[in-house]
Amino acid sequence: MVIVMAADATQKEIEHVVERLHELGFKTHLSTGIERTIIGAIGDEKPLRDEPLEAFPGVEKVVPIMRPFKLASRIFKEQDTIVDVNGIKIGGNRIVLMAGPCAVESYEQVMETARAVKEAGALILRGGAFKPRTSPHKFQGLGEEGLKILAQAKEETGLSIVTEVMSPQHVEMVAKYTDIFQIGTRNMQNYMLLQEVGRTDKPVLLKRGMSARVEEWILSAEYILDMGNFNVILCERGIRTFETYTRNTLDLNAIPLVKQLSHLPVIVDPSHGTGRRSLVIPMARAAIAAGADGLLVEVHPNPEKAISDGPQSLIPEEFGRLVEEVKRVAEALGRQV
Amino acid sequence: MVIVMAADATQKEIEHVVERLHELGFKTHLSTGIERTIIGAIGDEKPLRDEPLEAFPGVEKVVPIMRPFKLASRIFKEQDTIVDVNGIKIGGNRIVLMAGPCAVESYEQVMETARAVKEAGALILRGGAFKPRTSPHKFQGLGEEGLKILAQAKEETGLSIVTEVMSPQHVEMVAKYTDIFQIGTRNMQNYMLLQEVGRTDKPVLLKRGMSARVEEWILSAEYILDMGNFNVILCERGIRTFETYTRNTLDLNAIPLVKQLSHLPVIVDPSHGTGRRSLVIPMARAAIAAGADGLLVEVHPNPEKAISDGPQSLIPEEFGRLVEEVKRVAEALGRQV
Amino acid sequence: MVIVMAADATQKEIEHVVERLHELGFKTHLSTGIERTIIGAIGDEKPLRDEPLEAFPGVEKVVPIMRPFKLASRIFKEQDTIVDVNGIKIGGNRIVLMAGPCAVESYEQVMETARAVKEAGALILRGGAFKPRTSPHKFQGLGEEGLKILAQAKEETGLSIVTEVMSPQHVEMVAKYTDIFQIGTRNMQNYMLLQEVGRTDKPVLLKRGMSARVEEWILSAEYILDMGNFNVILCERGIRTFETYTRNTLDLNAIPLVKQLSHLPVIVDPSHGTGRRSLVIPMARAAIAAGADGLLVEVHPNPEKAISDGPQSLIPEEFGRLVEEVKRVAEALGRQV
Amino acid sequence: MVIVMAADATQKEIEHVVERLHELGFKTHLSTGIERTIIGAIGDEKPLRDEPLEAFPGVEKVVPIMRPFKLASRIFKEQDTIVDVNGIKIGGNRIVLMAGPCAVESYEQVMETARAVKEAGALILRGGAFKPRTSPHKFQGLGEEGLKILAQAKEETGLSIVTEVMSPQHVEMVAKYTDIFQIGTRNMQNYMLLQEVGRTDKPVLLKRGMSARVEEWILSAEYILDMGNFNVILCERGIRTFETYTRNTLDLNAIPLVKQLSHLPVIVDPSHGTGRRSLVIPMARAAIAAGADGLLVEVHPNPEKAISDGPQSLIPEEFGRLVEEVKRVAEALGRQV
């Protein structure tokens, strides 16, 4: 940690900071420049996390040097984490496709989609039974009834299930039906929920918050790892920008960046990530070229009848084309789908 | 609602949309321009909320005309809502000051601050017992023990209490100690939590999400109102921008804007809103000049010993100066503190 | 254009707007809903561009329906524009690589880089002689002397040249040396400069402004087309987001989006777009997978000696690897490099 | 400057950086922590500005300690700069009001507005003769003819003039008519233009770029100061955020922040800053409460006939009310209007 003193800091103020650092077990280096003094603090930064050094008189700025996450970091664990979902390996050489409707609407809708995406190559079925919606006046999902439909689809097709959990009280119940918990973008910093899924050993797909920095996203994963559950899959789903032609801006830079900073697998949701059907296929190709370990794609047998997010859903035929194109890119780079 | 058809939409596609609108009970107006056709849909927009018209073939864009919130809207309720907290009126002519430490650390720290802010003119004591922190390795609050300290401070000083609740399971327990529930910025879209506090009749202070649009913020309030609890106070606490010299960018435009769109009272948190002690007083003055109904200010007897957010805390003496300056602005504009 | 009247607009206010629209040659449709009236205006929207309808009493919102660009639009010109630079076709099936140092520093540095990038497969040499720098205390480029070095490199290697022009007064002079004018991100809305290059018939590479929406970027291209010069190449170079681990966030969504909205070719600069050497190759691959027509890459023989932007420059060897990987992705999708 | 080495940096890489720093005349301090080494460089940071230390092998991050601006800094010049415009002092105790139409349209329009704003208390008349517009198909201003109208208004009313200059070639010509050059938001980083007005001694009103950080804005001022012209007035005019109900988000935090970082005067444009007439007066009051030295307000005798920006223009009567309310706030804080 580096403490930059104000240009007009007094000698006494400098000494006061140095003393406090020594009390906390740090060694210090003073660099006295022409305009200001800089104090380097050497030692474990953790005890400093809650010490408000910026509130000390004469301190202008505190510059942390260490990354604030540990368990999720590549430095802590060098090899790629591979999350195992009923034998499906996420984070390995094979790219994993997850597909299905945004919301579970009926048994027929789920089964029709499940069969179609399975045939095209998906291994995991997505579908929301609990839907966080910006307005209370919109469809909020079928709840447990929806989870039962997903479980039936699993039985009949052999696909594994990923579905959202919105509240700590529901974790136990949702766990009975799903293979992967999904944490949605609005709940990326719902820490009580993160801790609750962290207490299970079920895989967690953690969506990036819509305005979150990569560091904050990894720190949210750290909450889950910190409870003992290392089966975390990160999912980039688009960030908010000034653009108005798309609903979100899919941030593919995050893919190689996460891979460099962390050992966790990372997948991409090009459907929410763009919000426009016509962009889903090109961005799915680009995600794989950037190094993503999988895709989460919205597919609906009849998007114009979808209760939620129709405009970004592919029909099964389009999803088939997506798989074809993604396969070609993956193979060109030495990976399989 | 206005449906803009693509330039190359076919006659059949246009008719298909029109038919569906008629089925939903709308009257329609067709405007056939040189380049494209526009369909106006007249009627109650609510059934359209879940109809993905943008997924219909030939549709380019759907432009909603109505605001998506209703109960929170000025159109629904013309007069200002005044929230009553033990006789303190929030939203009336008198500006209400809430102050106290970011986190509850000890009985002594809370009492020292409580007495000082009461003397300076605050009516409500703030302090967090549950602290949502970006990293799991930081201080997470004293929990119920902290709430008990706040309750004691209330008994000894007569100040009312505002404190954060982070999870639906805690609502009942927190309700025993607090006079106002605070919903933090990271939980603005934690809908299960909003619904749970909406089931009580206790006042709720709803902080704006750090990247939320004003419409989304009001829609989150709508979740609470929709459950029957109209005692909602909005709190602007700074948005995320590209600025690096401040922690957040306090958005004062939101004050007159919310006042025009909604009947709910709105207060300002200049401490989190800027993250820099030297900006708190000028921005507090500006907030009142913009029309805020109150302020939420961090005060700590010894910011350099604060466990959380020291850099933005005022010492009691500075808070006294803030009250003085705010009073002068308020009186110049015909309000009291 | 759709004019949404306020909920409390009077009959007289509605009539006043309708009259004005008729004066301007529009036909109007009135949709009288329960809460408010909506006026549809049919006719050429252009005369409305400068009519401040939102300032009319009783008007709440004006919703334009037409896209504001015309010449740059796919509707105006359906086929892809192919820009010809000394026989190199930009916008066709072959992906064009432009590479070279950020700033021209010396004859040796330029020649060494030029030979290396040519060998790896680049057809166009990039290099700045005029450098817009955030601070006046940083290196501002060699000016015309730098242009002469580029011209020499062209003569000796046969590579074509792209270099930045910063001011209308320099257009004539820079034109003597370069094959493509580059307009930098800070000058995307320097309209006098856009018009000046629009008066020539030389190709223009227009970088996206660092916070520009896609519509604004295309409108800036429209300024050049409007002067008669249709040889415009759009270049995505990263937008500003909240991310702090990268310098910019390369927005690949813009590639398929521009391709759908406009007929102009679009290339990608993964060097400025990320600002981190370790992200350049994965993002270059992703750009091609998303459909980009070319790449603009910073290559420096010795990045640690570079006067500007060393941290994002590849060494020639790394550029060779980039070309290899990009080639594989391109071929998988039926394109050549 | 602090250089953070990567966790896996070799001893040789560390020595290589240290050697280079010594060559540049720095003294260095090494802090060898458990995980990584940090190098403190002491000495004048300026020669380091163009040294790409981040490109050195083994370097992870370079953290500058000094602020990059000098002439504009409070450290360089402690007292407030007061800019004198024909005897009007900008930056002193008296708040200066500048008002007028967005665009100069005709002699009558300008004269009517000029008389009205003068009567209400404005000292400076604003009005654009050169208008930078996002689309080439919109009104671009009357050019020199417009400047002549402004000059006439000056003669007849005694008001001083502020008007925009868009290109270095026009500086000499515009100087004949105006008292203050305005640099618009899109040209904040048009460095050739900044340098050209920096070569004159006429006051320059520098608008903040619509996505600029405060540091970048001050650095743009630094370009002007660096040419010898210290008569710079900063003008906050709203930044781009995700908000859709307003055109821009006026950032009042910038006022006290600039005052702390720099000696230059700073004024506020609440008209462009919000884009909504109903927000202009409350935000004008708030700007003064935050410490602004003046206001730039759009006033038009008939906003619905305005060629540009009608929706945010006040009518003269509303401007009169603004002056009244601003006066009350100013006086409460010990300043005059």
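Letters A, B, C and D mark the chains as written, and numbering starts fresh at 1 in each.
Here is the rule we use: contacts are C-beta pairs under 8 Å (C-beta built on N, C-alpha and C of every residue); 3 or more make two chains touch, one makes a residue touch a chain.
Not measured: the values here are computed from a predicted model.
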Comparison of B-D and B-C (more C-beta pairs in contact): B-D
Farthest chain relative to chain C (centres taken as mean CA coordinates): B
Centroid distance [mean C-alpha coordinates] between chain B and chain A, Å: 26
Chain centre separation in whole Å, for chain C relative to chain B (CA means): 38
Distance from the mean Cα position of chain D to that of chain B, given in whole angstrom: 31
Numbers and ranges of chain B residues touching at least 2 other chains: 211, 240, 242
For the chain A and chain B complex, residues of the former touching the latter: 46, 49-50, 52-57, 68-70, 132-139, 166-169, 186-187, 189-193, 210-211, 216, 219, 222-223, 226, 240, 277, 303-304, 306-311, 313
Residue numbers on chain A that touch chain C, as the complex places them: 211, 213-215, 239, 241-246, 249-253, 255-257, 260-261, 273-274, 278-279, 282-283, 285-291, 325, 328-329, 331-333
Contact set on chain D toward chain A in their complex: 2, 4, 7, 29, 31-36, 38, 40, 42-44, 63, 65-66, 75, 240, 242
